[in-house]
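Down below is the structure, laid out as structure tokens.
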Amino acid sequence: MNRTWPPTFQQKLYSFLDPSDGGGPAEQLFNALLGALILMNVGVMVLGTVPEVAQTYGPLIRTFDLLCALIFGLEYLARLYVTPLRPGLPPGWRGHLRYALQPMPLIDLIVIAALLVPGNAALVSLRGLRLLKLLSLLRLGRYSDSLLLIGRVILQRAGELLTTVLIATVLVFIAASVLYQVESAAGTEGYGSIPEALWWAVVTLTTTGYGDVYPATGLGKLAAGVIMLFGVGMVALPAGMVASSFADELSRLREEEARREQSQATPYCFCPHCGEKLP
Amino acid sequence: MNRTWPPTFQQKLYSFLDPSDGGGPAEQLFNALLGALILMNVGVMVLGTVPEVAQTYGPLIRTFDLLCALIFGLEYLARLYVTPLRPGLPPGWRGHLRYALQPMPLIDLIVIAALLVPGNAALVSLRGLRLLKLLSLLRLGRYSDSLLLIGRVILQRAGELLTTVLIATVLVFIAASVLYQVESAAGTEGYGSIPEALWWAVVTLTTTGYGDVYPATGLGKLAAGVIMLFGVGMVALPAGMVASSFADELSRLREEEARREQSQATPYCFCPHCGEKLP
Amino acid sequence: MNRTWPPTFQQKLYSFLDPSDGGGPAEQLFNALLGALILMNVGVMVLGTVPEVAQTYGPLIRTFDLLCALIFGLEYLARLYVTPLRPGLPPGWRGHLRYALQPMPLIDLIVIAALLVPGNAALVSLRGLRLLKLLSLLRLGRYSDSLLLIGRVILQRAGELLTTVLIATVLVFIAASVLYQVESAAGTEGYGSIPEALWWAVVTLTTTGYGDVYPATGLGKLAAGVIMLFGVGMVALPAGMVASSFADELSRLREEEARREQSQATPYCFCPHCGEKLP
Amino acid sequence: MNRTWPPTFQQKLYSFLDPSDGGGPAEQLFNALLGALILMNVGVMVLGTVPEVAQTYGPLIRTFDLLCALIFGLEYLARLYVTPLRPGLPPGWRGHLRYALQPMPLIDLIVIAALLVPGNAALVSLRGLRLLKLLSLLRLGRYSDSLLLIGRVILQRAGELLTTVLIATVLVFIAASVLYQVESAAGTEGYGSIPEALWWAVVTLTTTGYGDVYPATGLGKLAAGVIMLFGVGMVALPAGMVASSFADELSRLREEEARREQSQATPYCFCPHCGEKLP
């Protein structure tokens, strides 16, 4: 990052798009407008699926989508243009490519492509992908620290989380198999095969319980009751684990800070015997 | 807070309304009666919505409401009258205004206004606002410390909580979009548009599961099952986070107390036998 | 507790009923038989409510109940008889009374009374009280330490738990009021009055979601959705708090143990200057 | 474990089946293929319960099952063959027997037996036992550390978990008894006897809430509401407890590691300038 004075247009644009100090009023206004546009775009997509709205405002929605695609496209190109000023990237086209393959720019590209899909194409269902753009809202606000912390906790506990998800999945399969064995003989609807019974198992073990499928025989109710009492915990385990680890991580951060403060309080330590400064 | 002896009526009233030492029998009786009146007032409002009760006891309920408004109004005026004795407020009318704009007095004013709304006005639905008065019950009892602690924890983790709520909201929108794509083609009831599908998504991801809307196609059940297994945790995350942070805060308070006790226990570190300073 | 040698019958009985060292084979057999009898008694009561079973085995069940009452009564009298040997109780009849008013003996007395209620009396519904006897199973086993720890944690956090339960209750009332305002105008079944809407609010905020009552209007679904997303956490808060506090308490116990071990490792501390033992 | 050089076939096989260093490409490929076969076997069983699939591909599925039995059988025999090289086992046939009675080999044997059951036998329902083979997937991957940690936490807190499960069970019985007393008189369906009401109690207290059974009377709804508000926490307690203990255990492991590092960092406490021992 070699900066010159006066700053070039590229440098001005970079510090406008990614202000290191939170940004002045102009940057904050730009971010607020961009956030509002993203929310409006998602809102229009959501409302555009209501048949009456689609019939009345169809062309208007299409125009708005193309306008959004234009604005998002310009922002994307501007971000790509200032890539050489970003730290930690190789120079030249390889830096541009490396930046373009990062998660956020990739999502931006997908969203723009999804907005450009014509309304009467077979790919129209892809336009729901623009929901991903909501994720970039997190980058705008002051919640990115929290998001990073939560993400780090989830990554740190990835092994444990995958294990609990695997255990939950095995439990779902076992529950479905047991109830299939018991209820399929009685001809209860929804237990005709294990794949069918899996729907019951997921709905039950996540405690959603729609009530479209439930055991009818006494033995089935007994088995389902035991599975519920023990299984509820296993499926709720990952959430509790993330929450606990998160609190744990926060307390570790605070402890580290306290230790750093303490070590700054005694900046020089001398040997009590010879008076020399200790390393 | 300049106090004279003998205490003036204002000072007596202040120590009666906000006793610093928990209060004597008179103050406790007053608080208990006030609490009972609040509960009765809410109870009468709840029962007054039953059509038979409203027809039979309508005028009686109206009279009771006005009586409550009178008593709550007198309490409000008394609290406003003793404002100059409250610490940390500027003198004169600015102190009164500052006090009147604090959350609790503001809620008191709204509740009194809600009670005075005539029964046949269009604003009658505002009378439900008196439920807010229940919050002042927390001020009366010995639970205010716990409430403050919970409130502080929620404020401390505000960023993280907002992030998790945002993630949950994004997840709800994604779930609704996916199921809309899959089920609207099959014409399943409740998935006619994304706004309709949002109701299913919220009911499902909070694991409420009324069972009024659920996917009918195999692909929809598969998608819903995967969303449930992974989504249940994200929606339950905020609660777990508050609970963990709360326990963490309590343990920090206890540690601090222990450290304070320890540093008081050994104020000077000298050998009691030879008087040399100990390492 | 003045013990003589050889032990009197009272002392033998006391150490048989409440063995301080876990008990020999005889005591363990007695406890196992008593536990089995309690479980059988509860099982018979549960099965006795099935109409076919009650018709066929009615007199047999009645006889078994009276037999159980006899055995539980003898155990109760034996425990009362050895009261003078229990530590921490005043001598004479005041000790007996004080023991009889403790929770466990009181429950024992209620259970015996419930068993003696004749089958054709109006008080027959009181016989369900014998379920309380199940609690004494916890005394028998090796789970009493865990139960005490959980109980202590709940007592320690009593203020916080009551606050969260109070917040949950206020939330339930607010949810019921809001949905009543919105849905009663549309005439949706189950929202005719706030007391009716309370049933919906409790079923929803505990995420049970039977599906017998749910909002029908768009505005009602929007309000219910927002209430669900935010309310789910508040109702699940107490459980998370108890769990966190419990883990916290366990870690505190371990720390204390570690500190005790450490202080035992350096039983004598000497001043490095004069060599005198430090206090 | 006496190893010779060059390694015998038995030693090569042992280090192939249980590589101590994670294994080379050949071992990883073998494990991946074995994992894929297990998943395919389970998938075929699940799909084989769909009537149309069973009719069309019945003999093919049967052949695949026997092939799987052959492969799993060969793996089982190979593992048994290398038993003398496993550490911590007595020599001779007693080592083989001790190994065969360990949980994992026992599960392997049950799965092989389940696969060999002929398709037209009465024992056909036992074939669902092959789901247990999924557990051995955990052994293959890098998740075994997490699984061991979770297992250790559950074992450590076994007493507390059993206590909470017992409390939950008692609560379920009390809820069923109360609602039976209230609702059976009104003739509400699903509350005809306590065993019937137990189904409602389990479905409600785990917050599944199918909606097939719910109280109809006002008193029943009041009782059910109170039970829900207080009971929800008790049933969710075990999961929260495991999650908290797990985070606690992880933080203890980290602390221990930090202490070990600290004690290694300053093995000798001498001033590097004068050589005097530091306090």
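The letters A, B, C and D name the chains in turn, as written, and every chain counts its residues from 1.
As a convention for this text, a contact is a pair of C-beta atoms (placed from the backbone, for glycine too) under 8 Å apart; a residue touches a chain by one contact, two chains touch by 3 or more.
Chains and their UniProt names: A, B, C, D = Ion transport protein.
Predicted model, so just to flag it, every value in this text is computed and none were measured.
Novice: Which chain pair shares more contacting C-beta pairs: A-C, or A-D?
Specialist: Of A-C and A-D, it is A-D that has more C-beta pairs in contact.
Novice: Rounded to the nearest 5 degrees, how far is chain B (Ion transport protein) rotated relative to chain C (Ion transport protein) when their C-alpha atoms are superposed?
Specialist: About 90 degrees, rounded to the nearest 5.
Novice: Averaging only over C-alpha atoms, locate the centres of chain A (Ion transport protein) and chain D (Ion transport protein) and give their separation in whole Å.
Specialist: Chain A (Ion transport protein) and chain D (Ion transport protein) have C-alpha centres separated by 29 Å.
Novice: Could you give the separation in Å between the centres of chain A (Ion transport protein) and chain C (Ion transport protein), each centre being the mean of its C-alpha atoms?
Specialist: A distance of 42 Å separates the two centres.
Novice: For chain D (Ion transport protein), which residues are shared contacts with two or more other chains?
Specialist: As it turns out, chain D (Ion transport protein) has residues touching two or more other chains at 198, 207-211, 236, 239-240, 243-244, 247-248, 279.
Novice: For the complex, which residues does chain C (Ion transport protein) have touching chain A (Ion transport protein)?
Specialist: Counting only chain C (Ion transport protein), the residues touching chain A (Ion transport protein) are 207-211, 240, 243-244, 247.
Novice: Within the complex, which stretch of chain A (Ion transport protein) touches chain B (Ion transport protein)?
Specialist: By the definition above, chain A (Ion transport protein) touches chain B (Ion transport protein) via 42, 45-47, 49-51, 125, 128, 131, 134-135, 137-138, 142-143, 145-147, 149-150, 165, 168-169, 172, 198-199, 202-203, 206-212, 235-236, 238-240, 242-244, 246-248, 250-251, 254, 272.
Novice: Where on chain D (Ion transport protein) does chain C (Ion transport protein) make contact in their complex?
Specialist: On the chain D (Ion transport protein) side, the touching residues are 159-160, 162-164, 166-167, 170, 173-174, 177-178, 180-181, 184, 192-195, 198, 204, 207-211, 214, 221, 224-225, 228-230, 232-234, 236-237, 239-241, 243-245, 247-248, 252, 279.
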